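Two complexes, one shared chain (subunit A), two partners (subunit B, subunit C).
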Partner chain A sequence: MDSKNIPRGLKIFSHFGLPKPVGHTVKGDIHPAIIRLGLLFSEFRICGANARAIATLTAFKKVIQDYTTPAQSSLSRHLVTHLSPQITHLVAARPMSVTMGNAIRQLKLEISKMDFDMVEQEAKNSLCEKIDNYIRDRIIFADEVIQDLAGKKIKDGDIILAFARSSIVEKVLLRAHEEGKKFSVIVVDSPPLLEGCKALLTTLTNTSPNPIPCTYALLPALPSLLTEVTTVLLGAHALFSNGAVYSRAGTALVAMMAKGHGVPVVVCCETYKFSEGVMVDGFGKNELAPSKITRSTGDSINVTPSTNLEILNPLYDLTPPTFITAVVTEVGLIPPSSISSIPLALGKSTL
Partner chain B sequence: MAPELRGSASSHRAVETLAAKLRRRQVVGSRAAALETVLVLRQVVSKARFSNLEQLVSIIRSAGRTLVEAQPKEHSVGNTVRKVLHHVREEYHTATRETTKPSFSIAKFVSQGQPRKQATGAARTEIKGILKDYDTSDPDAFAKMLKPVLMEAIQYVLDELETVYDNVAKNAKDHIHSDEIILTLGKSRTVEEFLITAAHNRNYTVIVAETALRKYEGREMAKSLSSAGISTFLVPDSSIFALMSRVNKVILGAHAILANGGMFAITGSQIAATAARAHSTPVVVCVGQFKITPLWNLYHEYGALDFGNPSDVLRFDEGNLVDKVDVVNPYYDYVRPELIDAFITNDGDHPPSSIYRLLKETYDDEDTEL
Partner chain C sequence: MDSVVTLRPPDKASALARFDIYPAYLRRLDDEQISTPLAAILALTELIENSNADTMFELVKALNDGAEELKRRASNPISLNAGCELFTAFVTLFPHDSANFADLKRELVRQGQKYAVEALTYRRKIAELAVGFIKDGSVILTHSYSRVVMQTLLLAHERKRISVFVTEARPRGLGIKTAEALTAAGIPSTVILDSAVAYVMEKVDFVLVGSEAVVESGGLINAVGSNQMAIIARAANKPFYALAESYKFHRLFPLSQYDLPSHHSKILSFPRPETATSLAKDEHGKKPSVRITQEQISENNPDVDYTRPDLISLVFSDVGSLTPEGVSQYLVGMFAG
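Take a look at the complex of A and B:
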């Protein structure tokens, strides 16, 4: 963007990185599975930290299977350089999520630990198995444990508040319902993505034998509803070592209002979403939603950017640790101040 | 009952027409409602027949009661009636006595310094002698004598309402400094005038949160501000907290100001004010004084007195869900006085803690219940 033409005021947000056009141009030798994934990411068909991580790892399994080591080098050294342009292509489609970053870092670690003498096919199979184990242990099984732990916090007669759509919160609510608990859910949603609307409401109201009673409202209506809420369940995109939660835009407002009303805020998060490092506000790292995927409720006039008018749709924000009561992970229910001790609990020196 | 019947048929009709309009919500906006109320009251007073002050007061009061009952949530209607009553009583008392009606000494001390009291002082000296002696045999003489004074009182209220935007925006450039980032919510005409006036002298940026619950009226606000030359950002409400760390001031509009200094405002104001408090950002409310109401919010923790159309939230094309899901669309928010730092009104700037004093000066206690 030509910096001379931007009015002075708009420059302060220029580091947000306005969304780039869809990466239809393919630079270099990119595997078709990765091209397909890049398209799905940029169209926001695959949305959500867990979904993106699983999709990325599954695509990488295909890449690894189709890969052949060149004559002069070994798998453990060359595979990483082979994967780099694929990763760059994905990042160009949509900035990398913390979950993808952690998963890829783990994958690179496993690749470098590969035995030099192993036959190529065996090495590839072993890598694919490791990827499967990672998905199974850190995501699927972790989700099961979290559903149990968080489900214990839901009692009969509770009114649970959920914000936007988090895959893990959805699972927790469905599991609690299967166990026969009687509770109702308030789904609070917000533009630009309005994810809670179709997806979450449909799943919650389609449960059998009896549908979960649901109320739907948009974010500004939150203070009127909080007087009746018993617990707030939130999902996370990433968790930082100071206990701050990086999640969908609007989560910070929900947590702030809930804390003001004395309602406990419970964040459900798998440990693979932890990120070393500290973030203090939602400005340092954020992503803007491209205008074509923003949705609105009801009728509204459409606004187009002009000389003095710019439209910003930040997708994420940071909830300070003071607003959170507890974080549910597969290693237990912990207060946000103890996040930095998680690696110890997992038995590793690093994440 | 007699005073009501003495009001002529046409002024009754005017009251009924306005009451019907209010009931059907055809009058949109607090200022529009207040203006129409003043015009109707002017008609009522000019056609009224009375022989003493109490009869006049009860005529105005009954007209006011009809209007307020037609639309109890539009507080500016009741406020205007109370204001007219206050002015009527004041003008009457200054015309029939040497001194002004004894009021609270603190208020009197404060009012001595206000320019508007001095202006009516000039009128006082002329009329002082007139009402002392009038022909008691003519039943209408008293009314005829008092009418010009009353018309002037009502005209004063009308003038104040018409110049609300200009007066609120008068000191805009003192409140906004260069290179500031202001956050505002939805569409408020008062705030819009305030910001555009300040833009004549200052260069700053405005972030407008589109209010999802009011048909995205924030978008219209952003359009009009940007066409006035202010660099504007349009953001969804969800990012208010994320952007608050960069915002210098939050400027909001209000629907009504309550006696404790709290306010009813558009949905979303409470989360914006709470987020501002969490970041220690000042929250400033631009509002005309005709919105100050002698009302307390004792029974609702939330100000959702009014609910909007649920299809604005969940459209009918989500057919399956419409049956199974409750939809909530509150129209207003209640913001506690602790979250507000200042009210910028057409008659000066006031902190929420001195709203009670403004109430005492503007309205009479006996009018709180119309």
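Take a look at the complex of A and C:
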């Protein structure tokens, strides 16, 4: 065996294990909707915290409708055990996002609160309704409120900087444009996913009646552009109790540079993305992009891993709260230091 | 304050005549002790007295319309806004289980007037709290004229020895009023130039200012010059304390100086350059000089500025001494959800 040809593996981030290979192995009795979802996740066809949470919940609705309680057991006790292998399959395809985790936790709570005596079909319908309400209240309606609040901070003549593609930032910009505000956008992007180009830029330049004037740049061009920028709008994958923002890799750089130039940094985030933990850096929790995605940028230089070369592509990074000016949630604009008081304000003991 | 509240009977004449809230507001402001948010709250209680709304929905709408009217006509809408929002939120959340709507209106008016009376004691509470932070022999720097700072300094003078530097606070020159009042009370005080704040900062023990509003970010909105003072205090490592009554806490979140509602296009604008023909040279070949008046200067300059929360050490309020982060947690707890 020629030892020179075995790749040595990543030295740092090796605690995340190797990037998951795109496998079609299915262990156990998995619902077809979940198999389909797992495939879409691992191919990065569904990307983004909100999209993944909505897709997961929609798939679970199908699973719940197709489920039958075995004899000698009750829905409220057995359904959770039934869902566990489905969740494991999704996690095997791609590590779970914080939004999916929060949504699933809420779902399990609702299942355990189900009335023992309820007829099975009624219980299933009630659960599906609760899932619909969760999506509607905490994602769709929350987004509407955030569009309103963040839109108020966009004035005529502003130059807004957006990084990669966040579903909520896209909605905010489109809504402000619909309201007739005249502003321009700088879209800053970074490989390997290049979401800014493929998704955000196309949407913004295709608005009718007149497209939003946009500039597209890659991350290294940021310092020269920041002198022109009025506000930086960022999305988030998750928000931690200490006010730190966990978002697409590159966000921390944008926030840090903007702060250095005195440009306000506004993060748009729904409250269901809050996580009760505390994070201080991007090493404890992260995800590595699989090599399939890395190679899809279509350059002439195709970097392949060899004995002396490994490709490292973390998908997320952590922005410390000191770089953030304001967080826009559906309960209002709050400074990052006050994140922990939101659950109390909402009348909940947990998120 | 009367303990008996009478509602005017809705006769045809008053039903047709619209209650004008702005003169009512100005009338309330005549009382020296009443600040703008309290005057707004009292003006809104008068609106309820004169309103012929029959449902809560109509009443809240009338209150919102009244608040909009005040905001439009008053020159400084920020602290006024804080008072209006506080009162409207109070009315909306008030338990309306009384069968008679007129009874409810009477109760609301009574509560409003009771709050105003109680609010006048807030300045004393804040003074008591702040005096604990003033050591004997302190040298204090303050800005412009603030009633709550005056009360604190006078209270401190009763128990300790203090000396005070006051900035002139151009263009309105209210700092002179502060120095005169302090000297009359026997406190050694001097007026310093606004440009001499950095010069004097090393001699000062701490900075004490009042406020127009304390905002959601934990920052401060106060007479222009406060931000400057806070930056210099931070550079010289001196504490910067702000005194604010709880009705001045506002849900505004300015992202920068120019994101304030009081910012308008005339501030920091350049006057239109004179065209060549109008500045024709006279017979001696000299151009006529351009005169800039003090009035023009006041028009082109802001009245208030925004101080960032990281520059403020503590905010003293009737709800206690809060850090800037604590202010936003208080506001989120009160208004969110």
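Rule of thumb we're sticking to: the second predicted complex is superposed on the first by the 332 of 351 C-alpha atoms of A that agree within 3 Å, B and C clash if a C-alpha of one lies under 4 Å from a C-alpha of the other, contacts with A are read in each partner's own complex, and residues count from 1 in each chain.
One rule holds for everything that comes next: a residue touches a chain if its C-beta (ideal position, glycine included) is under 8 Å from a C-beta of that chain, and two chains touch if they have at least 3 such contacts.
Being a predicted model, the structure only gives us computed values, none of them experimental.
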For the overlay on subunit A, clash or fit between subunit B and subunit C? fit
Touch check for A:224: first (subunit B), second (subunit C), both, or neither? first
Pick one for A:68: touches subunit B only (first), subunit C only (second), both, or neither. neither
Tell me the contact category for A:133 with respect to subunit B and subunit C: first, second, both or neither. neither
With both complexes superposed on chain A, which partner does A:207 reach: first (subunit B), second (subunit C), both or neither? neither
With the two structures laid over each other on chain A, which partner does A:333 touch: subunit B (first), subunit C (second), both, or neither? second
Minimum Cα separation, subunit C to subunit B, after superposition on A (Å): 18
Is there a shared patch on subunit A that both subunit B and subunit C touch, and which residues make it up? none
Can you check the complex and tell me which residues of subunit B touch subunit A? 181, 203-205, 210-213, 215-216, 219-220, 222-223, 225-227, 229-243, 245-246, 267-268, 270-271, 274-275, 278, 301-304, 311-315, 318, 320-321, 324-330, 333
Along subunit C, where are the residues that touch subunit A in the complex? 216-218, 251, 253, 255-256, 259, 309, 325, 328-329, 332-333, 335-337
In their shared complex, subunit C is touched by residues of subunit A numbered 153, 231, 264, 266, 325-326, 331-335, 337-338, 341-342, 344-347
Quick check on the complex: what are the subunit A residues that touch subunit B? 7-10, 12-13, 190-192, 197-198, 201-202, 205, 211, 213-225, 227, 248-250, 252-253, 256-257, 260, 281-283, 286, 296-301, 303, 306-314, 316-318
